[in-house]
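Below is a structure I'd like to ask you about.
Chain lettering (A, B, C, D, E and F) follows the sequence in which the chains are written, and residue indices restart at 1 in each chain.
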Amino acid sequence: MKLHIVNRSPASSRVYGQALSAMGPDDRLLLIEDGVQGALPQLVRYYEDIPGRLYALREDLEARGLLGHCDASVQVVDVDGFVQLTEEAEQTLSWY
Amino acid sequence: MKLHIVNRSPASSRVYGQALSAMGPDDRLLLIEDGVQGALPQLVRYYEDIPGRLYALREDLEARGLLGHCDASVQVVDVDGFVQLTEEAEQTLSWY
Amino acid sequence: MSHDNDMPDGELLVILRHGPHGSSWLREGLDVALVAAAFGRRVSLLFMGDGVLALLAGQGTGALGQKGTAPTLEMLEMYDIETLWVEAEALARFGLDEHELMLAPQALTAEAIAHAVETHPRVLTF
Amino acid sequence: MSHDNDMPDGELLVILRHGPHGSSWLREGLDVALVAAAFGRRVSLLFMGDGVLALLAGQGTGALGQKGTAPTLEMLEMYDIETLWVEAEALARFGLDEHELMLAPQALTAEAIAHAVETHPRVLTF
Amino acid sequence: MRYAILLMGAPYSDQASHSALRFARALVARGHRLEAVFFYHDGVYNAARLAAPPQDEPHLVDGWVALHDDHGVALQVCIAAALRRGLMDAREAARHGKEGHSVAEPFELTGVGQLVDLGQRCDRLVTFGP
Amino acid sequence: MRYAILLMGAPYSDQASHSALRFARALVARGHRLEAVFFYHDGVYNAARLAAPPQDEPHLVDGWVALHDDHGVALQVCIAAALRRGLMDAREAARHGKEGHSVAEPFELTGVGQLVDLGQRCDRLVTFGP
């Protein structure tokens, strides 16, 4: 199981599609930085193919005032949880 | 008449849409740098709403080996022609 | 029409296309707008694309505690920047309502954006 | 399956997602691949997204006459980098045919890309 | 006509600096007056004194300096964008209690007001972003 | 576990450097060993000796140096990426016939081979791009 990290918004970049292409059936995807926009209910559909495996970084949601706008399907983790995700994955790939 | 300059490819960025939103009926659009990918027959459809007003920079097409792949609807200009386009326009806007 | 005909046309339109915290574009674009206003230019601001998120209420500090741009935006009126626009299409894309935003900007359709660009002698994009 | 079972699995997969001349990403990503190969690592290269344009024949010099990355790619075989892949979907997006490309890379579907990522213990994206 | 260029991309990292220099040369070749290049955002890195690109790549700092020397083009660097990115002249270094400097001559550190001023008094302002 | 970080974004220009420093601190707080941060592409600008951010913003250079001093994290800067961008230590400056230096201590100029080595001997390599 690998952890994919996406820091770009699906509203402005097509990088999310590259991450999805490269994901195996157990891989997880973490949204950070401007990537957390993908956790909004209107944008989370870009990630509909990976139900239960989509995470977003709490601190980056909070900084942008987006925590309260987050879709219920997204698992919110703090930076400590980010580290934990990297522990659990064999390795990480970043898509920027 | 204003000149809009786009340096991102419509294959990887959504910036082309911002440029199109901001264009008036006589405005022109010049593709430079990686933006010249938009002159390919498969990508030129993103610019179908501005027929006759789409330009691409010859030097940037040549550097990428794309000159021979360019769609016939695109007007190819060299950097001297780029300067000329800025002379003819009241002002320029860059979308990056 | 989405622009106010009572208002004298602006001299400089600054288009902000990036959200807070992810990059310095928003701050650096705002700086240009504030300095131009301080120099007496009539400045209009358009929040476009991800830039509309700059206006979202309830922003916090950044990854290392930096304060972000929301405090600067709250001071905008002091700088005599009174024309504040936001791209309607971007609001819809994010599922945001005009009334959830700080500073009560006016929402512009794509046509109104083209008109705003046309009527400003100088436009800078950030 | 799009990968060759006779070939030992690679140790490092370098994914190149940018075309030539527009940025230094392609050159800097290639440098990592070449150095890793020179250090004896088994390196695989995947050209993905705009990166497929790196393989287009007939590239020229850059905006100020710089030579670009095509000459480096032509030397790739000397570095014992033998696994060269290209994203099939990106080729289709650009309307390019596998046979128009330098170096005869193998086209991979999205599934084969996921498999390539899965089987390499280390993957770097540029 | 009187032109100004606004450059916001870092040298070598993306094509913006190459494009801007190429455009600047074409401008003066067509007889236009290029008042200034204003370096903002990551464009300020173009002023780095110690830049040492490989010999087979264009030397951008030298290119800008030649444009200044041959055509009187002012090279204006936004001071706020520069300081946070580690670009200082000797005067700023002294003010910050540091020794040395990192900005090449004749690049000059200046405020964003200069950009506003250029936008007003030039016929055209052309932006090159990353 | 043994970690390494690959950082490729310029400081202040985008969030990558802030994110990487935050992640680095969280790593060591959880008891992991962070072997090195490797600075590549525009990440090399994090090593700029004369960086002077406004007082109300985090000082990234100081943040990296503290990580080195407190936790023995190596700060490795790709020399090829650095030289073309104007980042040199005194030795490289002398070799190029220039005076002064622009890289802060204890950042060290090194080759891409170090990155390859980190990728091999660390359990995790986490990239922060722009």
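In the analysis below, a residue touches a chain if its C-beta (ideal position, glycine included) is under 8 Å from a C-beta of that chain, and two chains touch if they have at least 3 such contacts.
Being a predicted model, the structure only gives us computed values, none of them experimental.
**Q** If each step moves to a chain the current one touches, what is the fewest number of steps from subunit C to subunit D?
**A** Shortest path length, in steps: 2.
**Q** Strictly by the touch rule at the top, which chains does subunit B share as contacts with subunit F?
**A** In this structure, the chains that contact subunit F and also subunit B are A, C, D, E.
**Q** Subunit A-subunit B contact: same residues or different, taking over half shared as same?
**A** Interface between subunit A and subunit B is built from largely the same residues.
**Q** Round to the nearest whole Å and give the separation of the Cα centres of subunit A and subunit D.
**A** 26
**Q** Just the number, please: Cα centre separation of subunit D and subunit E in whole Å.
**A** 34
**Q** Multi-chain contacts only, two chains or more: what residues does subunit B have there?
**A** Residues 7, 11-12, 14, 33-34, 59, 91, 93-96 of subunit B touch two or more partner chains.
**Q** Give the residues of subunit C touching no fewer than two other chains, as numbers and ranges.
**A** In subunit C, the residues touching two or more other chains are 21-24, 49, 62-63, 122, 125.
**Q** For subunit E, write out the residues touching at least two other chains, lowest number first.
**A** 12-15, 19, 22, 41, 57, 125, 127, 129
**Q** Taking the top-of-page definition of touch, could you list the pairs of chains it picks out?
**A** Every pair of chains in contact is listed here: A-B, A-C, A-D, A-F, B-C, B-D, B-E, C-E, C-F, D-E, D-F, E-F.
**Q** Which part of subunit D faces subunit B closely enough to touch in the complex?
**A** Touch residues, subunit D against subunit B: 19-23, 49-50, 53, 56-63, 68, 90, 93-95.
**Q** Could you pull out which subunit E residues touch subunit D in their complex?
**A** Its residues touching subunit D are 12-15, 18-19, 21-22, 56-58, 63.
**Q** Provide the residue numbers of subunit D that touch subunit A in the complex, in ascending order.
**A** 15, 17, 48-49, 87, 89, 110, 113-115, 117-118, 121-123, 125
**Q** Any idea which subunit A residues touch subunit D in the complex?
**A** Counting only subunit A, the residues touching subunit D are 2, 14, 18, 21-24, 90-91, 93-96.
**Q** Would you tell me which residues of subunit F are touching subunit A in their complex?
**A** Going by the criterion above, the answer is residues 1, 3, 8, 14-16, 19, 22-23, 26-27, 29-30, 32, 124-130.
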